[in-house]
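Order as written gives the chain letters A, B and C; numbering starts at 1 within each chain.
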Amino acid sequence: MTESRQHALQDRIPTLRIRDLSIEFARRRGDALKVVDRVSIDIWPREIVGIIGESGSGKTLTSLATLRMLPKRAVIAKGTMHLGETSLHDRSEREMRALRGDRIALIPQDAMQSLNPTMRIGRQVGEPLELHSGYSVSSALEAAGKLLGSVHIREPEKRVLEYPHQYSGGMQQRAMIAMGLALNPQLIIADEPTTALDVTVQAQVLKLLREIRDQKGASILFITHDLGVVAELCDWVYVMRNGEIVEDGAVRQIFTAPRAEYTRMLLDATPSIHTTPAVAR
Amino acid sequence: MISVLRDFDWRRWRLVLTGGTIIGLILICAIFAPWIAPYSPYDLDVVAMLQSPSGAHLLGTDELGRDLLSRTIHAARISMEVAFIAASVGLIFGTLIGVAAAYFGGLVDMVLMRFMELLFSFPAILLAVVLMASLGTSILNAMIAIGIVFIPGFSRLARAATEVVLREQYVEAARAIGMGHGRIVFVEILPNILAPLLVEAAVAFSYAILLESALSFLGLGAQPPEPSWGNMLNTGRGFMGQAPWLSIVPGAAIFFSVLGFNLIGDGLRDVLDPYMKE
Amino acid sequence: MISLTDVGKTFGHTRLFGASTEFAAVTDVSLSVARGKTLGIVGESGSGKSTLLRIILGLIPPTSGSIVIDGQDIVNLRRRDEKAFRRKVQPIFQNPASSFNPRQSIGAILKAPLEVHGIGTRQSRRDRVSEMLERVGLPAEYAARHPHQLSGGQKQRVAIARAVILKPAVVLADEPTSALDVSVQAQVLDLFRETREAMGLTSIFVSHNLAVIRQVSDTVAVMRLGRIVEMGSVDAIFANPQHDYTRALIDAVPDPAAIMAQA
C-alpha cells in the first residue's frame, strides 16, 4: 500500500470492500461463463477509485454486483462484499432496496434514459427523500431545489418544475447526480457518467464530483474506459481486463510506472492532444 | 445434410413448426378436398337430415342431409383462398404505399397516409360491407374487399419500419456509392422491413378467415350452396338446440386455422430477428 | 482539391398550419483541402460538423454557397455527372453497428459499389473483394460472413475497404472510431493513415475527440454552432490556439500526459 492509502491504516474499515468476487453467466447448455473472476477492490473513505477497462472487461458487472442489480442471467458465484460493516452479498432484495439510494447511490451512463420524461425533474430528484425519509411531496420538492442548487443548476427553484427534455445533456447528468446525493450516501457508483457528454461539459461534471468528495466526504467508484478521465479525477485505479484485475495502484504510479503489459498497451494506444503521432503523417 | 439437421435449432422454430403443421393439414384438406371428403358437399339426402355423428357420417349431417365432414373439408378451400389472396393484397399494396410514403416523404407521404387514415377510420367489417355493396356479392369481391381492409394497417407498419431503416447509415452509404432508388428499395430497405410485415401477414391470414366468416354470415361472402365456414356457422345457428355439431364443427375449423396462423406469426417474430442469432 | 465557399444550410420546417420554424445548422463555412492532405473538423454535439460532412458528400443540398471538388461544382450536379462524382467521393460512417445492411454478406456489401458502377466482371469483382479484405487486414474468407459476426473494429476495417474499393480521390470520415475501444481505435486509425498514404487520398475527418484529430490531421477546423471559429495547421491550433473556444476545448480534455509530467 502506497502513499494515497496511508490513511487506510487509521480508518481500518474501508467504505467498500470486495473480496474474491466471481460472477458467472448461466448458459443454456448448463455450463457457466465466468465474466468476473476473483476480483478484490477496496474503497476507503473520501477516496475516488477508478475501474478502467475496455468493453467486456467486467467493470460494469462488478459495479452492478455491489448494488446487487446484476442482469437476470448473471449470478454472484463466489466472494464477499461489505459496505462499511454491512455485508452486501447475503442481503435479501428487500434489505438491498433499503440500502440503494440511501447508503449507495448509482449515477448511470445515460441520464436521458434514466430520467422519466413525463415527470418533473424536481419530483424525480426528491424521490429518494419521499421513499426513504418519509418526506412529503412539497418538502421533497423544496429539498430537490436545494440539491439542484448544490450541483450548480441556476435558478433551481424554477427549474425543479421543468421536465427532462427542457434540460441540456450536462444538466440532466447533474440532475442525476443531485438525485444520487439526496440522502448523503457513503458511496457513489458512477458508471461512465460522462461518456455521452461533450468534453467541455464533461470537465464541469468531473469538477462537480471532486467537489462532492471534498465537501460531503463521500467515496466514489468511477467506472470508465477513458484513461484521461482517470488521470484527472481518481486517487486509486484498478485496471480490468477479461473479468480480472490486471493491476491496481495510485493513479500516478499507474501512469508513470505501469507494471502490467496490458496497462502499458492501453497507455500507448490512447492518443494525446499534446503529442503528434510517431507515425509519419 | 445430416449436419444441417443436427444444427437446426428446433426450439427456435417450434412455434412456427406447430402453427405450420396445423395450417399444413388444413391446406392438404383444401387442395385434396374431392379425394379426402367421403361425400360430395352438395349431395342432398332428405332421409338423413340433422343426423348426429355416426359411422356413416362421422360429423353428422346438416338440415338438408349433406355430410358435414365433407362440407367442412371443402369449405377449407374457400377460407384458405380468401386468407391468402386477401392477406397478399394487403401485404403487397400496403407495403408499396408505406415504403413510397416514407421514402419520398413530403407531399407523397402526406397524400398517401391521409388517404390510409381515411380508410382506417372505418370499422373493418363496415368497410368490407360497403366495398362489397359497391363491388357486388361474390367470393372474389369478398377477397378483394378484405384485402383492401388490410392495406392501411400494412402501409402504416411498412412506413414506420422504413422510417427506421432510412435512418440507418447503410442506406446513406448506399446513396453515397451512387445506388439508384430501385436498388435501394429492393436491396437495402425491403429485406430489412420484411420481418414485421410477415408477422403482420400471418395475423392478417387469421383475421381474413374471421372476416370472410363474418361476411358469409351476413350473406355477403360465399353463396349457398357453396360451403364456407362462415355460412355453415350461420346455418348452424338455427339448429343450436337440436344439432349443436352444426356450429361446433365449422367453429372449431375457424379456431384451429386462426390459432395456426397466429402461432406462425408469433414464431416468425422471434425467428426473423437477425440480431437474435448468437 | 476540395473547396467550400460560404456554405450554409438551414433546415426549415414548413407546417400546414401555423408559422414555419427555421434552424441554421451550418453558417458561412469556407474551407479548402489541398490534394493528399487531411482536414480535421472538430466540434461538440450540435456544432454542425456532421451536417457539413453530409453536404460535402452530396447527401444534403446546401441552402447557399458553393462546393467544388476536383474542379467540379457539386451543388448543381447534373444527373449524368452524379455517378462519376459518387465514384470520386466516398464516406466512412461512425457507427459500426448500423453502417451495414444486416441481411447481406460482407462480400455482397463490398461488391455493391463495383456493381453499381458496372466495374469488372463477376470474377474480377470477387477477386477485388478478396484483395481489399486482405489489404485492410482481414482474411478473404470474411466475404462469406455477415456483419453481426464481426467485431466493431473489424466492421470499421470493412467500412474502410468499402470506401476505397472504387479508388476514390476523396474520403470523408465521420467519427469512424468513436464507438471503438482505445486499443482497437489505435489500429483502425493506423489503417486509415496507411490507406490514405498508399492511395494518395484527400480526406476530411470529423470528430469530437481532439486527440484523435491531432493524430490524423494536417490542418484543423474548429466548429461551433454551425460556424468555423478557427482554422489552421494542426501544430498551430494545438500549440497556440487563438480563439477562446478552441482554448476552452483543449483545456477541457483530460490528458494522461499532464499527470505524467507532474511526476
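Everything that follows uses one rule, which is that contacts are C-beta pairs under 8 Å (C-beta built on N, C-alpha and C of every residue); 3 or more make two chains touch, one makes a residue touch a chain.
The chain lineup, named per UniProt: A = Nickel import system ATP-binding protein NikD; B = ABC transporter permease.
Not measured: the values here are computed from a predicted model.
Centrality by C-alpha centroid: the chain sitting nearest the overall protein C-alpha mean is C. Per-pair tallies of C-beta contacts place A-C first.
Separating the CA-averaged centres of chain A and chain B (ABC transporter permease) is a span of 53 Å.
Taking each chain's centre as the average of its CA atoms, chain A and chain C sit 34 Å apart. Between chain B (ABC transporter permease) and chain C, the centres computed from C-alpha atoms are 47 Å apart.
By the touch rule above, chain B (ABC transporter permease) contacts chain C in their complex via residues 168-170, 172-180, 183, 187-188, 191-192, 274-275, 277. Of all the residues in chain C, the ones that touch chain A in their complex are 38, 44-45, 181-183, 185-186, 189-190, 193, 208-212, 214-216, 218, 234-235, 238, 248-260, 262-263.
Taken in their complex, chain A has these residues touching chain C: 54-55, 169, 198-203, 206, 225-233, 251-252, 255-256, 265-277, 279, 281. Residue ranges of chain C in contact with chain B (ABC transporter permease), taken from their complex: 54, 57-59, 82-83, 86-87, 89-91, 93-95, 98-104, 112-113, 116-117, 146, 148, 162, 166.
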